[in-house]
Each structure stands twice: as structure tokens, then as C-alpha cells.
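Below, chain A partners chain B and then partners chain C, in two separate complexes.
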Partner chain A sequence: MKGINQRTKAVAFALCMMGMLIAVYTFGLLISEEAMMSGFQNAHQPPSWKYPFGTDALGRNLLLRTIKGLSVSITVGIVASLISALIAALVGMATAVGSKRVDAVVGWWIDLVMGVPHTVFILLISFALGRGVKGLLVGIAATHWCSLARLIRGEVLQLRCQQYVAVSRRLGKSGGWILIHHLFPHLIPQFFVGLVLMFPHVILHEASISFLGYGLPPEQPSIGIILSESIRYLSAGMWWMAVLPGLVLVGIVWGLERLADYLHRILDPYSVQE
Partner chain B sequence: MRLEARKLSFRYHRKQPWILNNCNLSVETGSRLALVAPSGYGKTTLALLLSGYLQPTEGEVILDGRPLPQKGICPVQLIYQHPEKAINPRWRLRQVLEDGGQMQEEIFPAFGIQREWLNRFPGELSAGELQRFCVARALLSGASFLICDEISTMLDVITQAQIWNKILEEAKNRSMGIIVITHNLALATKICDQIYDLSKQEYRDKSS
Partner chain C sequence: MRKGMSGRLSRTFFIYGLKIITLLLGVSIVSFLLVSASPVNPVQQYLLKIGPVSPQQQEEIEEYWGMDKPLMERYLTWLGELLQGNLGESALYRRPVKDVIGERFSGSLTLMVSAWICSGGMGISLGCIMGIYQDKWPDKLLKKLCYLLSCVPTFWLGLIFLLIFSVILGWFPIGFSSPIGILRQEVTLWQRLHHLVLPAFTLSLMSFSPIALHTRQKLIEVMNSEYVLFARARGEGKWMLLLRHGLRNILLPALTLQFASIAELFGGSVLTENIFSYPGLGSAVSAAGLNSDVPLLLGITLFSTLFVCIGNMIANLLYEVVNPQIGSYTGEVSR
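Up next is the complex of A and B:
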């Protein structure tokens, strides 16, 4: 296409994706509990024009409930992945700049956290903190920072011995100046791409923990809660209760992965000419 | 001013062999010295020691009667062989020049730097074009000595001649001292007052 390069396309797609997320989020916030109710006489309705996702056992409109659930999931996803990414950035930079001993201790700690299966770890932490949003957030934030921390550590170690950093030092620049001007331009894209990639991971974990009953309480309709409620009716042939919200979750996760990919292209100067 | 290496020795570790052993040489501002030796005789290590990137294991580097300053802008600036490694790939080239010091646009035409390059990223220019920025950066810092470590090896002969003419002219105007590291004996003979052979650790006759 003439006049439209990869970069413009990437920016357009990233903006579309973010717009969609924000739309789902705000729409979900605006939906009230009453709006979903359509009365018990409408329970167990299959998908129709009036109820595109059908209704559940209490006669609630599943499309509205799914959107509301997504908005809960997005909140949990943003908060947990932001906390996690910040921990990762701080730990990564501290290990790279600190002494060998700090590096060894933190490296061991990272291996330990990565060695335990995430789901089990989140279950334990969430259970110990009394479930609910708080337990879930702490559990997810405490387990997802490891791989990004490793990435940032490696990046800082690699950057610190680059010739251009040495040149700046001989031109009289201080350590803080080098951190801001030389290291940050390399680390910030890594940070944001890592953050966005963590986001779908977090949403999936939130859904699975809530599904198992150790996450959000049933009155907060996250996707995990909707799925765990629907499981009882699956054997009765009411497929729409699980399949449609599940598909929406898959769609959101896929879209976020693409968003991270496009973000990477936008932030990488080498991709300008592609 | 005088840049001097006194009994300079260097090795990376106590158990490793000497890379440089008891090396003595000196350069005055306004003069030009060529360092020649086959590969592996420590030419680049010597350059790193003289410009303060490495600390000597024994001996010292003396500038104007005092040890080379470790903080602030170093008066001895090194230009590397690979400009693409000496420039941050995420910086625009304007920043690269500003790293050296106050921007002086009047030096652009002489170095063949075009103004529109300033807003580009290093990946969008060739190695020869980037090397001009490295040289300009070193000159902008107001250095008294310039060490050029094989800076023109990857350039075509015309660009080589252009860059060297410019460096020599600037060095003359600012009465800088220059140390040229090269494998190219013809180049060394052409532009330098003296040639020091690091493999024999002695000054070499220019006519031979």
C-alpha cells in the first residue's frame, strides 16, 4: 500500500486495540446488576437476537455479564501486571548494578519462584491472604515478575559494558546521566513489551484461580466465575454458557499478544524501514 | 602539553601473561605519532590505557606532569575502530554530537555531515558516515590529544583521505597531539612525524 508503512499500520492497530480495551472496560463499569436481570422465566435461553450469548440459570443476560466480567478481569490484569513489572524492573536493575552477592541471592530467589508452578503458588498466597481481590492481586504480582527481571538484568549487564557507555563516561558523564540517557532508552521498550505480554498471562491466571474457587467472590462476575458457574450446566447441553464467554477471553488474550508485538515494532528504531 | 607513558605494563589478571610490558613513549601537542605493530602486540590496549579506559597494572600515564584525570571530560579522547559500536543505536545523531559538548554547526560541511542526518538513528547511516560523527564528537569535547585506533580501516580511500585531511587540519588549528594506530604503513608515513614500533618497542626510521 502506498503511503502506509509498517510503523503507521502498527500504531493504528495498537490504538484500535487499546480503544477496544478501554471501551469494554468502561462499558463493563456502567452495566448495573439490574440491567442483566431479565427474570427467571427467561432462564436457560440459548443464544438469540435478544440475548446474543443466551442467559444463565438465573435468567441473567450473559453478554452483559461477560462484558462486566471482562472489565473486572482487565482491572485485575492491569494492576497485577503493573506491580509485577515494577518489581521486575527494580530487581533486575538492582542485581545488575549491585554486588555479586546480591546477584547470587536474587538469582537463587528467582529460580525458586520460577521453580514452583504459578497456579499452586498463587493458590497458596491467595488462600493465606483470605482470597478476594487482595489475595489474588498479591498472589499474581508475587509470581509474575521473575522472567522480566531476568531479562532486564541481562540487558543492563550487556549495556553497561558497551563502548558507547564507556565513551560517555570519558566525556565526563555521571552514572545517573548514563542510566537515564543510555540505559533507559533500551530498558523502557523491554519494560512495556514485558508488561503487555504479562497482561494476558495474568488474566488467564485470574480466570483459572477464580474458576477453582480461590480467587474472586461469586458476586464479582469475572470470566473465571462465569466459567465455573457454567460447568454445572454443560452436561445438560447448555454449551453457550461456557463456550461464548470462553471465546471472548481467548479473543482478548490474542489481541493483547498482538498489541505487545506491535508495541515492540513501534518502539524499535530498526523497524522504521521495514 | 605532553602525554607520556612511563614504564607502562598491563595484564588482565595476575595469572595471565603481560599484554604490554614496560612501554615508554611520549607525544607533544601539535605532533603526530604513529603506532605500528602486527596484530596482538597490544596496540589497542595501549590506546585504552592512554585514554583512561583501562588502568595500568604498573607504571603510569602522565599528562602535563600530572596523572591522567579520572573524572570529568578526559583531555585524551579515543576514536574506536567500529563507529557503530561507539554510538548508542537508540540515540538520534544530534544527541551523539551533544554528548561531546556544545554543538558547533560550522564544522559540519568540512566533515561532510548533512544537517538532516541529525534527526536520524544510527541504523540509517553507513559506517563511514557514523565515523565522521565519532570524530566530530571527540573534537567537540575540546580534547588536547586524539587517539585514532584504526579509524579509517573500513572506509573507502576517498572517504579516508577526506577524514584524515579534516582531522589534520583541525589538529593544526587547535594544536592537538595525535596518536594514529594503523596497519597501513603508507598512511603512517604520510601523516605522522614519528613512527613507534610496538613489537620492537622502539622508534622507527620514517624512510625505511
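Up next is the complex of A and C:
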């Protein structure tokens, strides 16, 4: 690849990944419930040209069901990671700017959230909210903000010691002015990279919580639910129900990780030419 | 010098011990509030399993359970009983929660300890290989593998192993910690191990990549240092360098990281135990949630918090041993 620098390459890859995600998402939204059904006479079909992923015990087309499930996962992922990242940004800035006591209280609270294993905490929240999508969203959003909050706190603390911030303060600029002109330009890329990095984690958690039978209701197409159904048919030799939807999930998560990596490189001028 | 270190360690131990107590108290409040906010009525769930009762009887049971009392009072009663060692009775297993947790924990502990050792060993040795062959093909290949594994959901990996090794090859049993239809006393150690291999391997594959990447980073730092340059000038080979200079600097930080990752290990064991129908705390907690078994759910939440906090405390203590420059307690483990 002569003549194209690393940055252009990163932008191109990031755009490709985004395009792929959007394609999967819109395609998933367009699939109707009826299109997935192909009738009971077609149940337990192994993969073929007509049904590339085979069919399940109710004769549903697994490829369509998987894609539909992915678009649900992506929606849950976007909403939960947005909420979580916003909490992280607010908490991180509050601890860095606020008094020592605020910092101590938030630090204790973060230790509390990190002290309970995530899966157990999400199960508990999901139980409290009567399972379903709401419990899933709140549970995931409530547990994923900690590390990003710590990162932002560290960043703000470091930035506040910079000389240009001190100069601005001496020149009589207000706290808000310093926040917008000196802190935000550094924090916004951090925030976005953190947000995108959180995304694949959230999708994995969504799948595992649905797999355990919390989270999304069983009639909803979701990869976690397809996989938890597949476990019953494993010993009957219906391998395609477990293998193929799982591979697609791995592919999507991998794509998201790459996307986060490229975004990080684009936004951080030091690392792009490595 | 030594004395200063032990003094500092006992201080950390004391402060962290106090912190664990406040954290447990916090978790007990939060989880109690969450459980009380649930739309599921525990009395109704309890009665479902007993059979039909008249509304009169139901009211009496609700009164006996203290459902009419305010939330604060219920919490204090529960906390008081908790402090006396009474965790209540599990509605699902019809036995005291304490017994259920004790029995299930021994299963989970075997699983987690074997996975913990396995992932630590694999992570450190693969990390060393990556660090030594930095930017050559073994490093590139293993790094790709580590990144790929972090994208793979644990439960799917478990399903695939189950499919390949149990269903297709038939090497390992499909589930449970011992063969079905044999009395508990008659299960041999070999049979237990046979049932343990797949779940433990799945769980360890999930958690080894962070430690491998960490070890790689540390080893590269060590290898670029001046004392290694000097050692190289003396004519020491790669493996000798690793043995004499690398491992000493790597092992303790890696161990610290490994202790700090116990929360993830526990989370992973919930999924692994469910896939392999392994009777441990993880499968009990998801069953408790699905069957609205409130006492068991609360008990396991508190117990797992205690478990994770002790792991974090060990990590903190080790961190101080490794890094004597840290004068005061900072309250977090470096990641």
C-alpha cells in the first residue's frame, strides 16, 4: 500500500466496519416475523442453499433469525453503552472537579459495583425490574461505567495540572470556559473511544444474560436465546444451531473491537503511525 | 526495612478489612432494596410450591413473614439474623441457605481454583513466549489469538467444547460433577476430575488473555532495560535472560493481576456452570433468580462479594510487596 498513509487506511477500515454494521442492522430491522417461519415440515433442517444456517425445532430460518437477533443486540448495545458512558463522564468529571469527599464517596461506590461480580449484579437488577429488556438495559448500564469513569477522572486530574490551564485561570477565565476550551478537546476523544470500546462488551453481556434466561423474552430473536435453545438439541447432533449463530456473534464483536481500535488511532495522532 | 514493610502490610490489611465490612454492608442494603423493589411477590412464589391456600392463610403467612412491616424494619430484622449466621431458608431447595451455599461453594471452588491455576500458568508462559519473540511470528500469532479470544463469549466456547468433546468425540460426559445414578460417597476422584476438565478448561480460556498480554508488556519492558543489555553483553542467551531477570520481575505483578480478576472469574463460572450443568454457586444463583428464591439470591450475592473482596485484598497486599515505593494506600489496583 504505497502512497496511502496509516491514517487514511484507518479511516477507510473504520468506514468499512461502520458500513457493515449499518447494513446488518437495517437488514435485521426489515425482516418480518413471517419471513422467518418456514413451517413445521421444514424443522430440524441442516444448513443448505435454501437455509444457509439450517432451521430450528419450530422450522424457523436460523439465518434470518440470527440477523434479526443481531439488530436487537445492536440496539441494546448502543443504548446501554451510551447511558453507561454518560454516567462515566459525569461521575468522572464530578470526582475530579469536586471536593475530596465526593471523590471518596464515588471511589467507595465504584469499589462496591466492582466488588459484586458483574453477572451476579446484572441478574439481581434484572430480577428487581422483572426481567425483560428494561432490566437488561439498566443492569448493563449500571455495571459498565466504572473503568471509563476512573479513566476520565485521571485524565481531568492530569489536565488540571497543565500550565496552560493555570495560565488561563490567572488570566481570569471562568471554570466553564476552561472546561469547554481546555478540557473538552481532550476528553471528547477519550469519551468516544471508551464508548465504542464498551460496545462489544455490552453485546457479549447481553447475549450471556439472555442465554441465562433473564434479559430478552424467549420469543424475541436474540443470539443468546438461540444458543440457549440449541443446548437442548446438542446431543441430538444439531450442531448448526450452536455453531453458526455463535460465529456470527464473534464476527460482529471482533468487527466492533477493530472499529474501536481504528477510531482510537484516528483520534489519537500519536498512535496512528505506529 | 523488613519491619517497615510488615507494618505497612498490616496497616493495609486493617484498612482494607474495614473497607470490606462497609462494602458488604453497602451491598446488603443495595441488594435488599433491589429485591424488595421486584414485582415478584416472594410469598406467592413460596406458596406456588406448597399448593393452594385460602386468602386467609396467605395473609397469615404474609404477616408471619413480616410483609406488612416497613422496609427499614424488614431490612434490620434480616440484617440482625444475618449477623447471627442465619441466612434464611431457600425456597428452591427447601434447606437453610447457609447449607446450600456451603455445599455449592465446594463445587465452585474446585472449578474456579483449577481454572485460576490453569489460566495463570497458560497466561504467564504464553506471555513469556510473546515477550521473547517480540514482533516475530510466534508473538504475532499468539497476540491475534489473545485478541480473538476476548471477542468470544464464554458460553459459546463452552457449547462448542461440549459439542466437539462430549457429543462428537465422546471423551467427556455432558454434564454434572459426578456420574448419574451413583451414590455421592462412591464417586471416585478420577470420575470427579473427568467431569471437571471441560468446564475448568473453558473457564480458564476465558480469562488467560489479559494476563498473557500483561506479561508480554512487562517482559518487553524488562528486555529493553540496561541490566538486560549488560547481561546480554556477558553472553547470556534468551532463555537464561528470562530465567534470571525476566521471571523475577514478572511473576508477582502477574499474580497480583490474577487475584484482582476474581470477579470476572466468578462471573464466568455462572455461565460455565450453567452450560455444563455443574452444581455450584453459579448455577444456583441463576436458578434462584429464575425461581424467585429471594433468600438464596441475597445470600449468594453477599457471599460472592466477600469472595471477590478477599481476592482484591490479596491483590492489594501483593501490590504493596511488589512496589515498595507506594507509601500510602491508594485504594485501587493498577490494571
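Structural remarks
Here is the rule we go by: the second predicted complex is superposed on the first by the 268 of 274 C-alpha atoms of A that agree within 3 Å, B and C clash if a C-alpha of one lies under 4 Å from a C-alpha of the other, contacts with A are read in each partner's own complex, and residues count from 1 in each chain.
One rule holds for everything that comes next: a residue touches a chain if its C-beta (ideal position, glycine included) is under 8 Å from a C-beta of that chain, and two chains touch if they have at least 3 such contacts.
This one's a predicted model, so the numbers in the text were calculated from it and none came from an experiment.
Touch counts on chain A: comparing chain C and chain B, the chain ahead is C. Looking at the shared chain after the overlay, A:60 reaches neither chain B nor chain C.
Looking at the shared chain after the overlay, A:182 reaches chain B, while chain C stays out of its contact range.
Of the two partner chains, chain B is the only one touched by A:166; chain C is not. Across the superposed pair, chain B and chain C touch chain A at no common residue.
The touching residues of chain C, when paired with chain A in their complex, are 19, 22-23, 26-27, 30-31, 34-35, 37-40, 147-148, 150-156, 159-160, 162-163, 167, 174, 263-264, 266-268, 270-271, 274-275, 285-286, 289-290, 292, 297, 300-301, 304-305, 308-309, 312, 331-332, 335. Remark: chain A residues 162-164, 166-168, 170-173, 181-182, 185-186, 269-270, 272-273 touch chain B in the complex. Those residues of chain A lying in contact with chain C across their complex are 107-108, 111-112, 114-121, 123-130, 147, 150, 200, 204, 207-208, 211-214, 227, 230-231, 234-235, 237, 239, 242-243, 246, 249-250, 253-254, 257. Contact residues of chain B toward chain A in the complex are 51-53, 71-74, 77-78, 80, 82, 85-91, 95, 99-101, 121, 123-124, 137, 141.
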